[in-house]
Amino acid sequence: MFDFYFDLPHWIRMALQGLAVMLVMFPIAAACSMAERKIAAWIQDRPGPNRTLAPILAWVPGIGFLQRLGIFQLAADGGKFAFKEDAIPGHVNKFYFVAAPIIAMIPALTTVVAVPFGAYIDSAGKLVPIVLANVDLGILVVFAVSSLGVYAVILAGWASNSKFPFLGGIRASAQLISYELSMTLSVLPVFLWTNGPLAGEPAGFTGSLNLARVVEFQSQAGFWGGAWFIFLMPLSAFIFLVALFAETNRQPFDTVESEADLVNSFGSEYGAFKWSLFYVAEYAHMLIGSAIFMILFFGGWNPLPWYTLSDLAHHLNFAHLPLVMGVVGIGIFIGKVLAMIFFFMWVRWTLPRFRYDQVMAIGWKKLLPLAIANLVAYTIGIALLYR
Amino acid sequence: MSSDIFFYIFAALTAGSALAVVFTKNTVAAALSLLVSLVGVAAIFVLLDAFLLAALMVFVYAGAVVALFLFIVMLLDSQGGTRKPFKKATLFSGFVALLLLIVGLASFAQRGAQAAIVHEVPAAAVPVGASLRAYGEQLFTTYLLPVQIVGFLLLIAMLGVIVLSKKFEGLGDIK
Amino acid sequence: MAVIPVERKPLTLAERTYIPQIVGGLRTTLKHLFRKPLTLEYPEQRPALPVGYRGVPTLVKDPNGREKCVSCQLCEFVCPPKAIRITPGEIPEESTNAHVEKAPQAFDIDMLRCIYCGLCQEVCPEEAIWLQNQFSMSGYTREEMVNNKAKLYELGGTLPDAHFKWDKKKAAEEHGNAH
Amino acid sequence: MTVGLNEYLFLSALLFAIGFFGVLLRKNTLVIYMCLELMLVASTVALVAFSHFNRTMDGNVFVFFILTVAAAEVAVGLAIIVALFRRRQTIQVEELNALKN
């Protein structure tokens, strides 16, 4: 059925896959901004955007429900951003000012390549992860590329050539570097565990930071095999979560774009389409971060702990249909990621913002020692366990 | 070979942005050119099958070191400033260095033509530098002492930075 | 006044991690997530106005259809932002209300200046100007936002009158029962 | 012509030379630092290339140490520059000539 697709040259297939992922990412990221407004409204006991409606659709029965959900607001916002006059202030450094939103999008969309988002069973009965580039380095690629995201904020702040964006840029560079450390240290126990001597590795296995492997590791048989890592290493998950909030500039760590003291910082000189690119990039970062969190600690595309996607496929009898299984796996995974995004928003409307010195103190004085202690403890524990 | 084209593209990118580091007036632009150059080097590493090093290059250098540079550039706000003409000694030494460079590169090219540098080593099944375990084994067996020394160096560097950036009280009269 | 120093309790370990508090906060916000919105969806739903609401100032007539204003200009005088402009005029001899002598020829309230203070209503000896329930004034031009006399009476309508002061006065004049 | 060790070494030498000229010619301490970094990176290119073409791990492992040392060096160096700037309000090398006389 899909032979024509597999007959295409390799690079065209790759390009199509990348394009497909981007075409999914971009609308989800945009829809997240809408969801953010709706959830903000619901938590604050108000209905949120619920008026927008394309006039030609008004006769469709049941459209009122979608209208109340604010679905069409998304199109209206997007249209506005696309057609609004894109003013460039006179005092900015034009080249870097225009380059900054583009640079924001690059790492946000590039990291997707190393993130697996589903699996299917091929004709040989082998579980194959669905991922653009199934590289050995997995998590390291994601960390490395996403660490470039800071330049967008720094550049935007510097090129804007005004005070608040500049301060925001400086804050961003310090904050992102600070929390990257704890984040990297917090995931090390996971990979120590998956690469341990008893990890059930095939012969000739050379150690891997592959993300799909982490999910496979969490979908083994038995009590310890099927346990998600959130149960095995809750402290790692907690540190990763906190660092993730800081890395994505979300409340309570959004000192970079705090409108109260920095007037939205790097965004303050931007408008229209360039501003919306920053927003989409932020949500794309959140999506990737949530995806990594789900893969590392919440079993990826497995529906429940100790109940894997293959189990589900065998029970519902679609294991022999790779397409169905792939779609179900991706669906479960995206559902989990969206739940995580909801958690981001939920926290945003619950906690007040930390002061900048508090952010730094938490990062260096609390989270980093905690991450190091966690790493040392798990290293010793795993060494003892496998001796 | 397609990887040849990639080598020339990334080599040109790396060298070009390295030149931009040297010749641009704006310090921020210099830091960003350094960033591009480092990413180019990471791409060269990928061509050499050193994927881990490429990722580390981007992670450590491009992600942290250049960000630190930019942070300091913005903190000190040193925008170019006036440029004095070079002294004669500088120009002379620069000229000598250029001569040496030309001689060195020419000898490279000549030796390369003789193709005597590389002894043909049989190709391994897995390219060197592609497996993580190889790195781990090397680091914790052959190179254990350097690893520990480097760890110690990092600790000392950290202490040094803390001491340097601390404002001491009562030392104001020492100039 | 005695000063009572209150010893601040040191935080427990659980409190210092903030986590129980954060979880409590999350529970609160989650409760609100499923609560019915408190929002009044304005153009469709209208707020219930309390008695004595001070909306747009209007001119009223008494139940006999006589305009109450006698253009004494007290409101014009008292109006803090000088929003009211009255042009007094005579009441023609042949009118049944000729004994009132004066009535406004023109009565303009500039709603771009009005601050809804209610002093005009307060000061009016004839109870002719009232701040009523109307609260939403809008227009496309500045001229539209000036309420002239006709508009003011249209907005004001008729209010019940307990006194019929001028009718009594006329009756007293005619029947010679002057004060 | 296939790309062999020579091309990589040529690139390495070129990068090193560019960095060297930067150190020589620039007056801004920060830019001099960046050029030093360029020189270090140039050496890593050579090491990785040697390692790849000789099929040994040593060059690759050595790059680790270079990266670590570079990170430490940047941290200390930038701290020194900041301290210098606090004291002298300049980071231009020709103005930092207290030891000249």
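Labels A, B, C and D are assigned to the chains in the order they are written; within every chain, residues are numbered from 1.
Definition applied: a contact is a pair of C-beta atoms (placed from the backbone, for glycine too) under 8 Å apart; a residue touches a chain by one contact, two chains touch by 3 or more.
Since the structure is predicted, the reported quantities are computational estimates derived from the model, not experimental observations.
Nearest to the overall CA centre, using the mean of each chain's CA atoms, is chain A. Just count the C-beta contacts per chain pair and the biggest one is B-D.
Work out the mean CA point of chain A and of chain B, and you get 30 Å between them.
Chain centres here are Cα means. That of chain A falls 34 Å from that of chain D.
Between chain B and chain D the centroid-to-centroid distance comes to 5 Å (mean Cα coordinates, whole Å).
The geometric centre of chain C is 76 Å away from that of chain D, both derived from CA atoms. Multi-chain contact residues of chain C (touching two or more other chains) are absent. In the complex of the two chains, the chain A residues touching chain C come out as 39, 41-47, 346-347, 349-351.
Every residue of chain A that touches chain B in the complex is listed here, in rising order: 96, 135-137, 140-141, 143-145, 147-148, 150-151, 154-155, 158, 166, 169-170, 173-174, 176-177, 180, 206-209.
If you check the complex, the residues on chain B that touch chain D are 1, 3-4, 7-8, 11, 14-15, 18-19, 21-22, 27, 30-31, 34, 37-38, 41, 44-45, 48-50, 53, 56-57, 60-61, 64-65, 68-69, 72-73, 75-76, 78, 80-81, 83-84, 86, 90, 93-94, 97-98, 101, 104-105, 108-109, 111-112, 115, 117-119, 121-124, 127-129, 134-135, 138-139, 142-143, 146, 150, 153-154, 156-158, 160-161, 164-165. On the chain D side of its complex with chain B, the touching residues are 1-11, 13-15, 17-22, 24-28, 30-31, 33-35, 37-38, 41, 44-45, 48-49, 51-58, 60-61, 63-65, 67-76, 78-83, 85, 91-92, 94. Of all the residues in chain C, the ones that touch chain A in their complex are 22, 25-26, 28-30, 32-39, 41.
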